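In the two complexes below, chain A is the common chain; its partner is chain B in one and chain C in the other.
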Partner chain A sequence: MSEIKENDPITIKLEKEKNDLKIGVFICRCGGNISDIVDIDKVKSSIDAEIVEEFENLCSLNGRKIIRENIINKNLDRIVIAACSPISHEKTFREYVQPLNPYLMDIANLREHCSWVHDDNPEKATEKAITLIKASIEKVKQSNPVDPISYQTPNSAVVIGGGIAGMNSALSLAKQGINVDLIEEAPTVGGNMAKIGKVFSPIKIAEECGLCLLNPILNEFVWHKNINIHTNSKVLNCEKRGGNFTLLVEKNPRYVDSDKCISCGKCSEVCEVEVNDSWNDGLSKRKAIYRPFSQSYPDSYIIDIENCEKCGKCVKICPMHAIRLKAEKEMIPLNSGSVIIATGHKLFNPDLRPEYGYSRYEDVITQSELGRIMGVNGPTKGKLKKLSNGKVPKRIVMIQCVGSRDEKPGGHKYCSKVCCMVALKNANIIKHKYPDTNIIICYTDIRTPGMYEKYYKHTQQAGIRLIRGRPGEVVKKNDTLIVRTEDTLKKEFVEIEADMVVLSTALEPSEGTKEIAKIMDIGVTEDFFIKESHPKTKPVTTDVKGAYVCGTAQDPKDITESIMQATSAAAKVSEMIHQGVEIEPFIAEIDQKRCNICEKCIHTCKYKALSIKDDEMHIDPVSCSGCGKCLTACSENAINIQGNIEEKIFGTIYGLLKDKKEGERRIIVFLDRIGYTTTDNIGVNRVKLPESIYVVKVHSVNRVMPKHIIYALQNGADGVFIGEYPGDLMYQEVEKKMNLIQEKIAENNMNPERLEFSNVYIPYFRGLAEKFERFDDKIKNLEG
Partner chain B sequence: MKDIPNSNILLFKSCLVSVEYPGIESSTKYVFDKIGIDYEVNSRQTCCTGLGHYSDIFDQMSTSIIGARNFHVAKDLNRKNLVMLCATCYAINKKVANILNNKKETRNEINEIFEESNMGEMKYKEGDIDSSKNIFHVVDILYSKKEEIAKNIKFDLSKFKIATHHGCHYCKVHYNDTIGGIRDPNIIDDIIKYCGVETIGWYDHKITTCGSGFRQRFVNKDLSMDVTLDKLNSLKNDGVEVLVHLCPNCHVQFDRYEKYIADTNETEFNIIHLNIAQFIALAMGADPYKVVGIQTHTVPIEPFVKELEENIIETENKQEIVESDNNV
Partner chain C sequence: MNLKLNENTHDLANSILKNLKSSEDMGLLRCVQCGMCTSTCPGARHSSYNPREMIKKILQGDETVIEDENIWNCFYCYTCHSICPVGNSACEVNQILRQIAIKNGKVNDKVKPFIEFGDSFLRLAIGGIPSIFFPEMREDIGEDWWDFKNNLDEIRKDLDLDSYIPDDESINEVRTLLINSGFEKRIKKIEE
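Let's look at the complex of A and B:
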C-alpha cells in the first residue's frame, strides 16, 4: 500500500499551516500501567513539540499544577495528554488545561488502546504510542477554541394531565421551588383514581378507600403556591425553541365563577335537565349544572353547556350571582423549559367483544362500573345491585383479558398489567360485604408479581374460585347469564350460570395521550402509548428533549408505579433546571443569510432539532447531536458544524500515517463514544488487538466523509473500519452511506473491500476484537 | 373500505357449488348481471384443492402449484380479480398468493416444476396476484354494490325472520381482509338490509362454526352434529325461518343434515337455507328453478317462494326503501 503523498493538496495544507503553534505534550506513566510496557524515554525523544513532559500520575492535582504552570510559563497554544482513555479522564484534563480553551486539548490513549492490548510486545507498543501522540498533535493543530454551550432552562414546567401521575409530578416540582402549570381537560383534577373506589394494599392484605388516600395529595397539590391549575383546558399547539416550549392552551369556560361559587348546590336543585353522569360511568343521572364529585377541584359547580337549555333558573337562584351563561373560551400562552406528559389511559370499549354481550345484557358490566357500584359515593351508595332489577347478585363471573393479550384485529397484544389485581380486589370486597356471593374469575394467567401474590392467596382463601380459561361467549337463557368457557386445567367445556358478569377491560392510551403525541411530535409505540427513550435506562424521557412522560400515558401501570414514575419525571425536570445542561459545542449552526427556508433539513434530522421560528430556521442546541446529516440536505450550504471537525479528522489521519514504515500495515478505525468505550473494554480485559489497528474517536461516525476515507486510503491507510451502535438514530443512514463510499473508493481505483462497516455493542468487546482480527487478516491478503 | 373491483373478474367455480347447489353459481351470475359486474367463468380453472387439502390428501405444495396454475389462467384471460363463490376457495387462494409472493424458495421450486412440465408460460412472478387486492369473495362484490341491489328488489321480505351464518374461512382466516367484522360478522346482514329487511342480527352461537370441519363431519360425526344442533336450536328459539349463508360447505352441513339432526334428537326444525346470492336472486324475481335451483335443496324452499311471491312491491314502495336506506 501507498504512503503519505507529499503532493496531496490536503497534506500540503496540513503541513504548511499552523506550524508556529506551541504544543505541549504531557505523558502519564499511570503508575506503571503505561510505562512498564511503553518506553517513555524513546517516546519523548521521538516527539517534536515545544515541551514533552512525563509524570507518574497526571490526573492527580500535582499533574494539574505541572500542566498549568507549563501552559502559562511556556505560552503553550495546544496540549496533548498521552494517558488513559478520554472516556475516563477527558473531563478532568479539559479542566486542567485552563486557562486554555478546553477544546484545544486532545488525549492520546496510551493505556486501553496501546499498553494494555500490546503488553506482549513493548517495542510495538512504543511505536504505536509515538504514532498516537503524533496523531493527537496534528489534531490539536486543527482545533479552534469553542465555548461549551451551557444551557439554562427556565425555572418552570408544564404538566399535562391532572390524574394521580400529573398531580404527583407537579407537587414534587413545586416543592423543589419550580413553578408549574398543570393542564387538565376535565372540569376537575383527580383523574381515574378519584372514581376507583377502593384500592388494595398487598402488605396489609386489605382494601383502603381510594379517595381518602388521594385527598391529602389533592389538598397539598391544590394549595401549593407554585402550582397553577388550568382545568377544562387543553393544549392546542406546542412549539419548541432552544429547549423551551411554547404551548397554546385553550381554556373552556365553566359558566360558573369559581371564586364566587360556594357549592351550595341550589342551582343543581332547580335545574331540570338530566343527563348521564359520566363520573359514574353513566350509571346515574346528573343535572346540566353539576359538581363532578364532592371533593372535586375547583371547588365549584360547572355548566355542561351542550346540554344546558339556558332557562335561567340557576342564574336567578344563585345567592352569589356566580353564574355567567355568556362566558367565552380563553387562549392562554404558556412558556416553559420542560413538559411532563401525564395524559393517562382510557378503557377498552367492551362492545368490540360482542360475544360478551355488554350492550345486549344490562348485567354484563365492566370492572370500572363495578367500582362505581361498590363506591359509597357511587350510584347505589356502595350497595351491590344488579342494574337490571336492583337485586343483589348471588353469582358473579369475572372475565379477564377483555381486549388485552389479544392477537386479533381490534384487540391489544399487550397485558394490561393491573386487571388481575383489580378483579381480585373487587372480588374480595364483594366477598367481604356479601359472604354468600359465589364469585368465579375466569383468567388467562394470574399475574400478581411480588407482594401481590399474597393478596392473590388471600383471595383464594376467602373462597373465590378461579377457572383458567378464556370465555368464548356470554348468553342469556331464562333470565340467567351463561358464561361458556373451557376449563383448560381440567380440559373440559363448562357453562357457568351467573347473575352478573364483570369484564376486566384493557387499558389503552387515552385520546389526550394520542393527541399530545401528535401536537408535540413525540414518538409513540405501536400501541400508541408515549414511547420512552429507553425502556431500561431512560424510562421517563422521550425522544423530544425536555419532554418527559409518566403514568399510564406511557404504558399500563398501577397507582404505585404511576407515582414512582411521576416523581422520577419531576426529578429529571429538576436536574435540567438546577444544573442546566452542558452541551458539547460541536453542533450545527445556520447561516441565516444563505438559508432559503426550504425545510429539507427539518425532515432529514433524526433528532428533531430543527424548526422554523419567526421565519428563520432554528437549531435547538439541546437536541442537535452534531451528526451533520442536515449538511447534506442543504443545497445552499447554509449549515455549518462548529469546531472544525472535518479538518481535525484530516489532521488525525495525517498524523496517524505520516511515520508509516515500509511493509507496515495500518488500519484506521472510526468509532463514536459507544464504539470507543467498547474498544476500551478490549484493553481493560487485556484482550489482544492487531498491531495495525488505530482507533479514532469521532463525535458521530456520520461526520467521517467519503473524502476522509479516500484521503486515508490514498495516503497509506491499508483499511478503514467504521463501527456504529445499532441503537443510534443515525445507524441506518450510516449503513446506507457505506455502499456509496465503496463505489467512490472503486472510482479512485482502490479495492472497495478496504472499507468495512460493522455494528458495535459495548458488552461484545470480544466480538469487536475478533472483527478487527478478521479485517486485519482480510487486508493482509488483499490486492489493489 | 378497501377498493373492490367490478370488472376484470374471474368468477371462480367451486366444486361444492357445482356438485351440490349449482343454483348458487347461476344466482350469482343473475345478480352480477343485474348490478353491472364484468365477469367470466372459465372452464380452464380447476378446483382449489380445499376439501382434499383439509383432509390431508393434497399437501400445501400441491395446493400452491394448482393455485399458481389458476392464477395463470386468470392473468391469461386478463381477469386478475378472482372472486370466490366458496369461503374455502377464498381462504386457500389467499394463502397461496401469500406463499407465492413471500416465499422465494417455494416460488422458485414451483416455477421449476412448471418449466420441467413444459408449462413455462405458467411461471409465477412475485406480486402477480395480490392476496388482498385481487382475491375476493362474492359477498365483497355484493357489499360494494348494495345500493344497486336495493334498486332491483322486487319482493317485500319484511315478514320473514332471517338470520345469517358467516363461514369461518371468510371471517377467521384472513382477518385483515374480512369486511363487516370478525367477532360479530355482519357483512351478509348488511347486504340483506339493502334487500329491504333487517335480520335478527346477533343470536346465540352466531360466531360458532357450522360444525362440518371438513373431515370432522365423517370422522367425528357426533361432535360435528352436536355443534350444528346447538346452532339450530338457538335459531329455532329465536323463531328464525331463513338462514342465509356465504359458504357452500356450511350450506351442505345445515341443509343436508337438518332433518337427520332433528330425527336423532327427536325434534323438528323448519329453517330453510339459502346462499346470499340465491336469496338476492329470489328477491329480485329470478326463476326459482332455472336460476336459483331450489330443486337441489333438501329442506324445501317452495313454501318460502310461494309466500314471497305474494308480496310483490309496488314501484313507489320500492323507491321508498331505497331512499330510507340511503338515509341510514
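Let's look at the complex of A and C:
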C-alpha cells in the first residue's frame, strides 16, 4: 500500500497550517496499567512537542495541578492526554485543562485500545502508543475553541389534555413552582375518569367511587395559583424555535360568563332544545344550555351553540345576566419550553363488528354505557335497566376483546389492557347490587397481572361465570338475545340466552391525540398512539425534544399507570427547567446569507432539529445531534458544523499514517460512542486485537465523508472499517452510503473491499474483535 | 399423549403455510384458540367438525388430522376466514389438508362424489352438481326445483335464452387446457 504523499494538497495544508502551536503531551502510567507494557521512555523520545511529561496517575488532583501549571507557565495552546479511554475520563481532563478551552484537548487511548489489547507484545504496544499520540497531536492542531452550549428552558410548560393524566402532570409541575397552561378541548376538565363511575385499584378487593377519588385532585388542580386552565380550547398550530414551543390556541366561547354564573340552572329549565347527552354516552338528554356534570369545572353553564336556537329565553331568565349569545372565539399564543401531551383515548366503534348487533339490538351495550347506567349520577340514577323496556336484566353476557387483539379491518392488534378488569369490576358491581343476576364473561385470556389477579379470584368466588371462547355473533330469537360461542375448554358449541350483552370495546387513540401528533410533528406508533423515543428506557420522551407524553395518548393503560406516567413526564420537564441541559457544541449552524430556505434540510433531518420561523431557517440546539446529514442536502453550502470536525478527521488520519513503516499494515476504524465503548470492552476483557487496528472516535460515523476515506486509502491506510449501532437513527443512512463510497474507491483505482461496514453492540465486543481479526486477514491477502 | 419438546411440532403448520393455496401472511401460527371460527361454523353446528380443534392439532404437529373424517364436513363458506381475529383461515387450511389427504390416496371415497364436477368440465366446459346429491336436494329444496331442473332447456327456450352449455369450440378449448395441464390425468387417477 502507499505511504503519505507529500504532494497531496490535504497533506500540504495540514503540515503548513498551525505548525507554530505549542502542544503539551501528558502521559499517564496509570499505576502500571500502561507503563508495564508500553515503554514510556521510548514514547517520550519519539514525540515532537513543546513538552512531553509522564505521571503515575494523571486523573488525580495532583495531575490537574501539573497540567494547569504547565499550560500557564509554558503558554501551551493545545493538550494531548495519553491515558485511559475518553469514555472514562474525558470530562475530568476537559476540566483539568482550564483555563484552556476544553475542546483544545484530546485523549490518546493508551490503555483500553493499546496496552490492554497488546499486553503480549510490548514492542508493538509501544509503537502503537506513539502513533496514537501523534494522531491526537495532529487532531488538536486542527481544533478550534468552541463553547459548550448551556441551554435553559423558561419556567413554564403547556399540558395538552385535562384528563386524569394531564391534571396530575400539571399539578406536579405547579407544585414544583412551574407555571402551567393546561388546554382542554371539552367544556370541562375531568376526562374519562369523571364518567367511569366506580373504579378498580390494585390490591383493593373493592370498587371505589371514581368521582370521590378524582375530586381532591380536581380541587387542588383547579385552585392552584400556578395553573392556568383553558377549557373549550384547542391547539391549532405549533412552532418550535431554539428549543421553545410557540402554540396557537383557539379558545371557543362558553356564551356564559363563568365569573357571573352561579349554576342555579334556571337557564336550562327554560331551554326547549333537547339533544343527546354525550357525558352519558347519549343514553339521556340534555338541554342546549347545560352543565356537563355536577362537579364539572369551570363551575358554570355553557351553551352548545351548534344546537342552540337562539330563542333568548335563557338570556331573559338568568338572574346574573351572565349569558351573551354573541361572543367571539379567542386566539391565544402560548410560549413554553416543554409540552406534555395527555390527549387520551377513545373507544372502539362497536358498529365495526356488526356481528355483535350493537346498533341492531338496544340491549347490546358497551362497558362504558354500562358504567353510566350503574352510575348514581347517570341516566338511570344507578338502577340496572334494559334500555329496550326498562326491566332489570337477569342474564348478562359480556364479550371481551371487541376491537382488541383483532387483525380484522378497523381492529387493533394490541391488547387494550384494562378491559378484563373493567368487565370483572362491572360484573362484581352488578352481582353485589343484584345478587340473582347471572353473569357470564366470554373471554380468550383473562389478563389481570400483578395484584389484579386477586380481584379476578374474588370475582370467581362471587359466582360470576367465565366461558373461554370468543363469540362469533349475537342474534335475537323471540325477544331474547343469543350469544353464539364455542366453549373451547369443553369443545362445545353453545348458544347463551341473555337479556343484556355488554361489549368490552378497545381503547384507541383519541382524535385529539392523532391531531396533536400531526400539528407538533411527533412520531406515532403503527397504531397511531404517541411514540416514546425508546419504549424501554425512555417511556415519556417523544422524538421531539421538549415534548413528553403520558396517559392513554401513549398506549392503553389504567388510571394508576396514567398517574405514574403523568408525574414522570412532569419530572422530565422539571429536570429541563431546573437543571438545564449542557450540549456538546458540535452542532449545525446556518449561514443565513447563503440559505435560500429550500427546506431540503428540514426533510432530511432525522432529529427534527430544523424549522422555519420568520422566514429564516433555525436549528434547535437541543435536538441537533451534529450528524451532518443536512450538509449533504444543502445545495447552497449554507450549513456548517461547529468545531472543525472535518479538518480534525483529516488531521487524525494524517497523524495515524505519517510514521507508517514499510511492510506495516494500518487499518483505520471509525466508531461513535457506542462502537468506541465496545472496543473499550475488548481492552477491559483483555481480548487481543490485531496491531493494525487504530480506532478513531467520531461524534457520528455519518461525519466521516468519502473524501476522508479516499484520503486515508491513498495515503497509507490499508483498510477502513466503519461500525455503527443498528439502534442509531443514522444507521440505515450510513449503511446506504457505503456502496456509494465503495464505488468512489473503485473510481480511484483502489480495491473497494478495503472498506468494511459492520453493526456493533456494546456487549458483543468479542464479536467485534473477531470482525477486526477477519478484516485484517482479508486486507493481508488483498491486492490492489 | 406424550408431548415431546424435541420434535419440530411446526413442520406440518409450516408446510401448510408454504402451500400455494394459503394466503399471504396467513395467521395460522398466531392462533390463540379463541374458538371464534367454531362459534360461527355451520359445519361445526351440524357435525363433529371443529375448525379450532383442527388448527390445534396442526399446531401440535399431529398428522392424524389429515385422516380425520371430520375435515370433509367443511363446505367452504369462508365465514371462519372472514371473522378470524388473527388473520388465520381454517377454511384454506382445510382445503390444504384435503389436498394432502387426496395425495396420500387414502380418501378416495370422500372425493369420488366430486369427480363428476371434473367430468362435467371435461365434457361440457362447465361445472355441475354431482348427481349423487340430487335425491337429498330434492328432499330439501322440493319438487319445484326438481321440475325446474328437468325442464330447464324448455324454460330457457321460453325465455328466449340460449342453451347454458357452451358451443363446441369452447368445449374443445377448455378440454385441451384441462388435458394439457394434467387435470384429466388427476381425475382418472382418483377414479381408479
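Going forward, the second predicted complex is superposed on the first by the 783 of 784 C-alpha atoms of A that agree within 3 Å, B and C clash if a C-alpha of one lies under 4 Å from a C-alpha of the other, contacts with A are read in each partner's own complex, and residues count from 1 in each chain.
In the analysis below, a residue touches a chain if its C-beta (ideal position, glycine included) is under 8 Å from a C-beta of that chain, and two chains touch if they have at least 3 such contacts.
Please read these numbers as outputs of a predicted model, since none were measured by experiment.
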Clash or fit (per the criteria above) of chain B with chain C on chain A: clash
Touched partner set for A:Arg360, first chain B, second chain C, both or neither: first
First, second, both or neither for A:Lys600, with chain B first and chain C second: neither
Contacts of A:Lys251 with chain B and chain C, given as first, second, both or neither: neither
Partner chain(s) touched by A:Glu473 [first = chain B, second = chain C, both, neither]: both
Touched partner set for A:Lys266, first chain B, second chain C, both or neither: neither
Touched partner set for A:Cys401, first chain B, second chain C, both or neither: second
Partner chain in contact with A:Gly410 - chain B first, chain C second, else both or neither: first
Which of chain B and chain C A:Leu352 touches, first, second, both or neither: first
Dominant toucher of chain A (residue count), chain B or chain C: C
Colliding stretch - chain B into chain C, listed as 110-118, 254-262, 272-280 or 308-316: 254-262
Shared contact residues on chain A - chain B and chain C: 355, 408, 473
Parts of chain B lying in touch with chain A, wherever the complex brings them together: 175-176, 181-184, 202, 204-205, 207
Chain C contact footprint on chain A (complex, rising order): 355, 401, 405-408, 411, 444-445, 468-473, 484-488, 491, 493
Residue ranges of chain C touching chain A (in the complex, touch as defined): 27, 32-40, 44-45, 50, 52-53, 79, 83-87
Residue ranges of chain A touching chain B (in the complex, touch as defined): 352-355, 360, 408-410, 473, 475
